[in-house]
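Naming follows writing order (A, B, C, D, E and F), and every chain is counted from residue 1.
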Amino acid sequence: MQEQNKELSVTVGRLSEESSYKQLFHSYRDGEAMPSEEQLKKIVVLCRAILFPGYCGNARISKQTICYHTGVNVETLHSLLTSQIYTGLCFSDLECETCPKERIAAQAEKLSEAFIETLPELRRILATDAEATYHNDPAAKNAGEIIFCYPGFRAVVNYRIAHQLYLLEVPFIPRMITEMAHSETGIDIHPGAVIGDHFTIDHGTDMVIGETSVIGNHVRIFQGVSLAGEKSLPDEHGHIVRGMPRHPVLEDYVTVYSNATLWGRIRIGRGATICGNVWVTRDVRADETVRQSCFIENK
Amino acid sequence: MQEQNKELSVTVGRLSEESSYKQLFHSYRDGEAMPSEEQLKKIVVLCRAILFPGYCGNARISKQTICYHTGVNVETLHSLLTSQIYTGLCFSDLECETCPKERIAAQAEKLSEAFIETLPELRRILATDAEATYHNDPAAKNAGEIIFCYPGFRAVVNYRIAHQLYLLEVPFIPRMITEMAHSETGIDIHPGAVIGDHFTIDHGTDMVIGETSVIGNHVRIFQGVSLAGEKSLPDEHGHIVRGMPRHPVLEDYVTVYSNATLWGRIRIGRGATICGNVWVTRDVRADETVRQSCFIENK
Amino acid sequence: MQEQNKELSVTVGRLSEESSYKQLFHSYRDGEAMPSEEQLKKIVVLCRAILFPGYCGNARISKQTICYHTGVNVETLHSLLTSQIYTGLCFSDLECETCPKERIAAQAEKLSEAFIETLPELRRILATDAEATYHNDPAAKNAGEIIFCYPGFRAVVNYRIAHQLYLLEVPFIPRMITEMAHSETGIDIHPGAVIGDHFTIDHGTDMVIGETSVIGNHVRIFQGVSLAGEKSLPDEHGHIVRGMPRHPVLEDYVTVYSNATLWGRIRIGRGATICGNVWVTRDVRADETVRQSCFIENK
Amino acid sequence: MQEQNKELSVTVGRLSEESSYKQLFHSYRDGEAMPSEEQLKKIVVLCRAILFPGYCGNARISKQTICYHTGVNVETLHSLLTSQIYTGLCFSDLECETCPKERIAAQAEKLSEAFIETLPELRRILATDAEATYHNDPAAKNAGEIIFCYPGFRAVVNYRIAHQLYLLEVPFIPRMITEMAHSETGIDIHPGAVIGDHFTIDHGTDMVIGETSVIGNHVRIFQGVSLAGEKSLPDEHGHIVRGMPRHPVLEDYVTVYSNATLWGRIRIGRGATICGNVWVTRDVRADETVRQSCFIENK
Amino acid sequence: MQEQNKELSVTVGRLSEESSYKQLFHSYRDGEAMPSEEQLKKIVVLCRAILFPGYCGNARISKQTICYHTGVNVETLHSLLTSQIYTGLCFSDLECETCPKERIAAQAEKLSEAFIETLPELRRILATDAEATYHNDPAAKNAGEIIFCYPGFRAVVNYRIAHQLYLLEVPFIPRMITEMAHSETGIDIHPGAVIGDHFTIDHGTDMVIGETSVIGNHVRIFQGVSLAGEKSLPDEHGHIVRGMPRHPVLEDYVTVYSNATLWGRIRIGRGATICGNVWVTRDVRADETVRQSCFIENK
Amino acid sequence: MQEQNKELSVTVGRLSEESSYKQLFHSYRDGEAMPSEEQLKKIVVLCRAILFPGYCGNARISKQTICYHTGVNVETLHSLLTSQIYTGLCFSDLECETCPKERIAAQAEKLSEAFIETLPELRRILATDAEATYHNDPAAKNAGEIIFCYPGFRAVVNYRIAHQLYLLEVPFIPRMITEMAHSETGIDIHPGAVIGDHFTIDHGTDMVIGETSVIGNHVRIFQGVSLAGEKSLPDEHGHIVRGMPRHPVLEDYVTVYSNATLWGRIRIGRGATICGNVWVTRDVRADETVRQSCFIENK
């Protein structure tokens, strides 16, 4: 045991040398916690409880009591979200050390309130998504099934929450919220993407919708589809340029079947159909259909 | 703080208006809980403990004591499953309000018993799946590894449990059980699909097997494969028709390689091979091979 | 109730017959637990806390105190890992019954120490992965975001841990560690694969990198890509041959876009580009590009 | 192992013989759970949250939002209490097997409502207890300290809740609620005791107030005091007579110091003082003081 | 922060000096855990479930299924108890370092089996305790109430379990089991005490029954009673002599009322009554009654 | 259901009226949590781990690694304690609303550091308590048993921690820490009491040591003993006077046997013995013994 401890001690020593850890070390504002996945999960659960009353928790909710529940849930949401936005601001902001804590805390509170004010609109647009999903999926028995257990709808809920926070320029938190849905459902929608109403994801695993994608209304996308970004060219100093539009634009009523990849800032016209497994790198006009070629051989 | 509360109160008010929530509100039988993902997880764990003795929990199980453990596990399973089927019946049944609770409870108990009687047959067919997986995967060290940690096998276990419940016309619960496997493994098998014995899923992430798919014996499918449903045509009233056969039929000894999509009610003949990344929308005859065409260019 | 119990008892009896369970029964060394997913999760969390100080847990860590934290974490890791390796050795070793427990325990302790000594090198190579990911992804805001929430990076961390244990011939545990990342991220990298430095996974869901794959430095791979194994031919006795090289070799600076499948022991030359959705079964020379053919039709 | 299992099996057999367990076996209504200590703890926590707003949970509660919180708490309390009263009725009622479940459930719901209607009165009387405790204890800093952490006050809260349920003839549950306080504080007040307002318990550990005790207003009792019951005489059939008055009566303004025992149906007059460590078996008149005799010796 | 860390570091240094901790440091057998209160709680719960079928857990237990439940419970008890006895042997035995682990493990297994064989007898004697308690307490509604929630009965169950382990010379564990009851109920019965059948504890808080007490059958004791040990005289080397008889002997049918203290190796004759609050240091003959003297004064 | 909701709503309304709750409402600093029993439990566990290395947690601790563990534990303690002291300051301070948060936070940090600096001295004095307990109790097998499971020693640890915080004028938290021990062990020592070294509590349940008690060195006290406070006389305005000396003073080498009550600001001389069950209200000189008188009668 003594000998072994000595060998481990040498490793401990090597791992504690600054040259070893300096690239992977997080030096954050003294005493402030990191954003917490666990807290963000609670935040998403609260949003779902507010948006879809009666589906979350086991409480008996009725027209008489909905206002009690909404009141408590909104209040709790406000408090949790404020504290997570605060940690996100501290984590991401390099100037954070010099800015007084109070100013950051006040900003977090304001952002949290601004988000909560968008909840009625979020509910309205999610109702169109649920409706479109029901109309498009012959296997769906009723709307409750979609809200309660369709992973595609779950991922859209997380995305729409995260997108509102992204528009408010909350750092870091939006990405964590979409990553939670990514891990749970395999659907990876960047919070920066812009997506219209009546949006349907079918099955959805391994779907990627990149940061600068733009999607119109009544669009339907299947599992394995990527709206992928063109390789960014470095600027004159050899640094990659961040934030340029580099993902596809899909107009209204487009359908993209499973495992298709749309690559770069291309435009898919209104009502076009992209069949499964194609690799599309050029614009597609309205109502066109893109298909893969394959051949059959006998053994 | 006072001011802020006022703004939040306005939002609470808007969210509590009936016009806002009516489409997304769940009004269920008074006092009855929703089906619970947590309880369903316990149910699947119990089924696994019964089907594969010695792999679940840390208990020392021996030939002398297997009957004690099976007895207690079956009893607990019966009790949990009865209560979840009961909530599923309440959640899905629109006439539920008028039907006496007792009749629903008695029906739930009978369905739970009927399911438990299929466990010996479930064990027999899962043994063929484990055996086929072992024979097909050169990376597998032994059968234990497959039962204990192959995600493909896990998903098939959930599917086979869910399919039995689907055949008994238990609502809602089967879909939740396959969605649990979907979230965990990325493999989405609809409980309505019909799948023969000696079935192998390799890796499996992003696999979709739709509601009306029919799969023979000794079939092997890789990750990213979709057995996808044709778009259902609306009936004369403009409503989508639900439940029609619209997914592929795979005969015995078919192999489908990664990321291929089979689309619509097509038939893939005995022993046919579908290579990776193709989009197949027509029948394939026995022993044929379907390949994608691609080309190579120099930079 | 009495009647029902009788029917359940019959099922209990059938499930307790040896002929029914013998293929799916795990008869392991008396009193030894199975490897535990929960313990392995703690092990990965500890490795992350050691490798990336300040990102894990909420503790305030500073240059003065890093050595306390590293000391305690390394010690805890050593103890947990020793016990999991021990259970892995018991679970997988068929001769285990005859070998004295002490010898297995001593072997487990030595393997755990040997793993811990590789942690400084693991940290060095992961720093190159984080750097490459940051340079390749225009959506990344800073290195912290990558370490803290990129699923691709998470999966690579698990793989690199598992690969070290695989090189030490620890059974079973490495596969469980990569399967944990598989379930969480949809990225399935076999612990036996060999992967160089500056490795980037983009999005990554539904990626498969098979057991005998060899990947050079500065390689970049997108979601849905499979490095798949050729079907192993059976030997003269009709048994499948295990452990032969059957997955692709990717040289330095190769890029593989989304949903492409590389199949069998083929070689992709330095700097080659594989576009999305292709199925590649032959060698590709340096700097070549492989593309899919598709066609467009008007409705 | 085999041998050992055989010996254990013999013990299992002996313990499963009906003659062995028949006296200690609980055969209750099929499928109904026992009352749950865990649920009753939640019920007490909810009552405290309703009665003392702002002391329970960490929620920010204000005059604007108190009605949301009270609404949700009352609703949750109603639901939990109904279900626990239901199990209590099933557990205690011997005729329960023949009485339809619905009637018991309806009765449980009515009793739960009746209890909730007493909450405003409970709050009023507990305010007098808190006030009296503050006035009597020079160590108390403020009323908050008493509500938040005085064990004597905690025990009185549980007693007053339990007493209301006792008056409603709810079986079993009241005793469990006072036993929870007994275990936590060492103070054992039977739910059947009658206690006036402005009641103070000082320290309180090892206090016993028996079933038929009657205590006036402004009474103060210290730790270790017992209001004990006379031995009940058997009736002519040799059975003990249950429910007869057999504990002391304390009039207003009585003080009982530590470790005194008052035994049997005696009456302690208004304003009397019982000093510590005495054993009192006869009536004490108003304003009298009872003291122990002791003597001192030199070693 | 830097400065503060320095001060804390000084304290860390002082606390890490061997001279500071050497008296309070536990140096135990490498890698072996301490006995665990949590595990011992599970052991007591399992014993209760075996001894009083139907009272523990929510499982539906019937004459048909009692043997399944008893079988699984006995097996789990055996495994948990073996491992706790093992840690107890390691913790207490000073020669432990030199004795091979295997021999200790085998001894632990044998002791666990020996304990389990006493369970039928434990059940028999506890049935007499429950019966006596019911006959003595007019407030008891039925035997179920006593088994399910009387703290006195709970403490006796823990004592009787602990006493069997004490007779088997299991170190340390018996005391922990009675201390658990002590903390929960305020009743402190040393596992070494010898107690006959039909034993009743009324209320019980603050009761102490010392190590060498001997109690006959049909004895009844109230809250606050101490059977206390005489001060042990040191031996000729000035060391205290451990294990000598120094607590009271109570013959059959003795009653001791609340807060009485019996001190030293005295004998209380058959049928004697000790009234409350007395301090008894001499023998009491059969059927005698001991009372305190007190006097009354007017203010 | 509708009807019932209406009745509950009326109760909700009554409970939400300010006149109803104003006396029992806690209006605390916006957004600040209450002190948390759960956090305080962690703080006590950390103190125990630091003071008695090797007894807490299962970690293998050795002379080589004790400094890692102490370092991490001290740091964690500092952080938790700072935050609890902060909530305590907010809870108790009426001027808190006007005082800036930062100043309170800085004060909390300083108090936490000051406490940590007393840990070496706390360890020294607790070693004398453990030693004295071992010498006084013939049933004790070794010092480990006392540290690990004697409730009297546990309560003294909590008291000594709380007393240091009391001396630093930390509000509220000290009382909560001693109340935690009170609930667990039945021993209630006020944090303001002054207690010398080599202090022994035997059994201890239902012991009370009041706020202004003063206890010398080498004192030994048994279960059920109260050092009780004289009734405080009100001042000229009719308000009770808080903080005056009103509890007993015990000089060195005093022994107090079980259930004795010492009442008021009396002085018990060096080496005096107070026998069990007496009520002492006057000074006792050095080496004197106080005994109760009782008499015996035959039935």
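Here is the rule we go by: a contact is a pair of C-beta atoms (placed from the backbone, for glycine too) under 8 Å apart; a residue touches a chain by one contact, two chains touch by 3 or more.
Everything numeric here is computed off the predicted structure, so don't read it as measured data.
Engineer: From the centre of subunit C, which other chain's Cα mean sits the farthest off?
Structural biologist: The most remote chain is D.
Engineer: Counting a repeat as over half of the contact pairs in common, which of A-D, B-E or D-E repeats B-C?
Structural biologist: Answer for B-C: the repeating interface is D-E.
Engineer: State, to the nearest whole Å, the distance from the C-alpha centre of subunit C to the C-alpha centre of subunit F.
Structural biologist: Computed value for the inter-centroid distance: 52 Å.
Engineer: How far is the middle of subunit C from the middle of subunit D, if each middle is the mean of its Cα atoms, in Å?
Structural biologist: Centre separation, subunit C to subunit D: 57 Å.
Engineer: For subunit B, give me the residues that contact two or more of the other chains.
Structural biologist: Those would be 1, 9, 30-31, 60, 65, 67-68, 71, 75, 79, 186, 205-206, 224, 259, 277-278, 291-293.
Engineer: Considering the complex alone, what residue numbers of subunit B touch subunit E?
Structural biologist: Contact set of subunit B toward subunit E: 59-60, 65, 67-69, 71-72, 75-76, 79.
Engineer: Spell out the part of subunit D that touches subunit E in their complex, as residue ranges.
Structural biologist: Residues of subunit D touching subunit E: 4, 7-9, 11-16, 18, 20-21, 23-28, 30-31, 33-34, 91-92, 171-172, 175-176, 179, 182-183, 186, 188, 190, 192, 205-206, 208, 210-211, 224, 226, 228-229, 232, 240-244, 246, 259-261, 263, 273, 277-280, 284, 287-293.
Engineer: Enumerate the contact residues on subunit D facing subunit F in the complex.
Structural biologist: 50-55, 58, 60, 62-63, 66-67, 70-71, 74-75, 78, 109, 113, 116-117, 119-120, 123-124, 126-127, 130-131, 135-136, 138-145, 147-149, 151, 184-186, 203, 205-206, 222-224, 257-259, 275-278, 291-299
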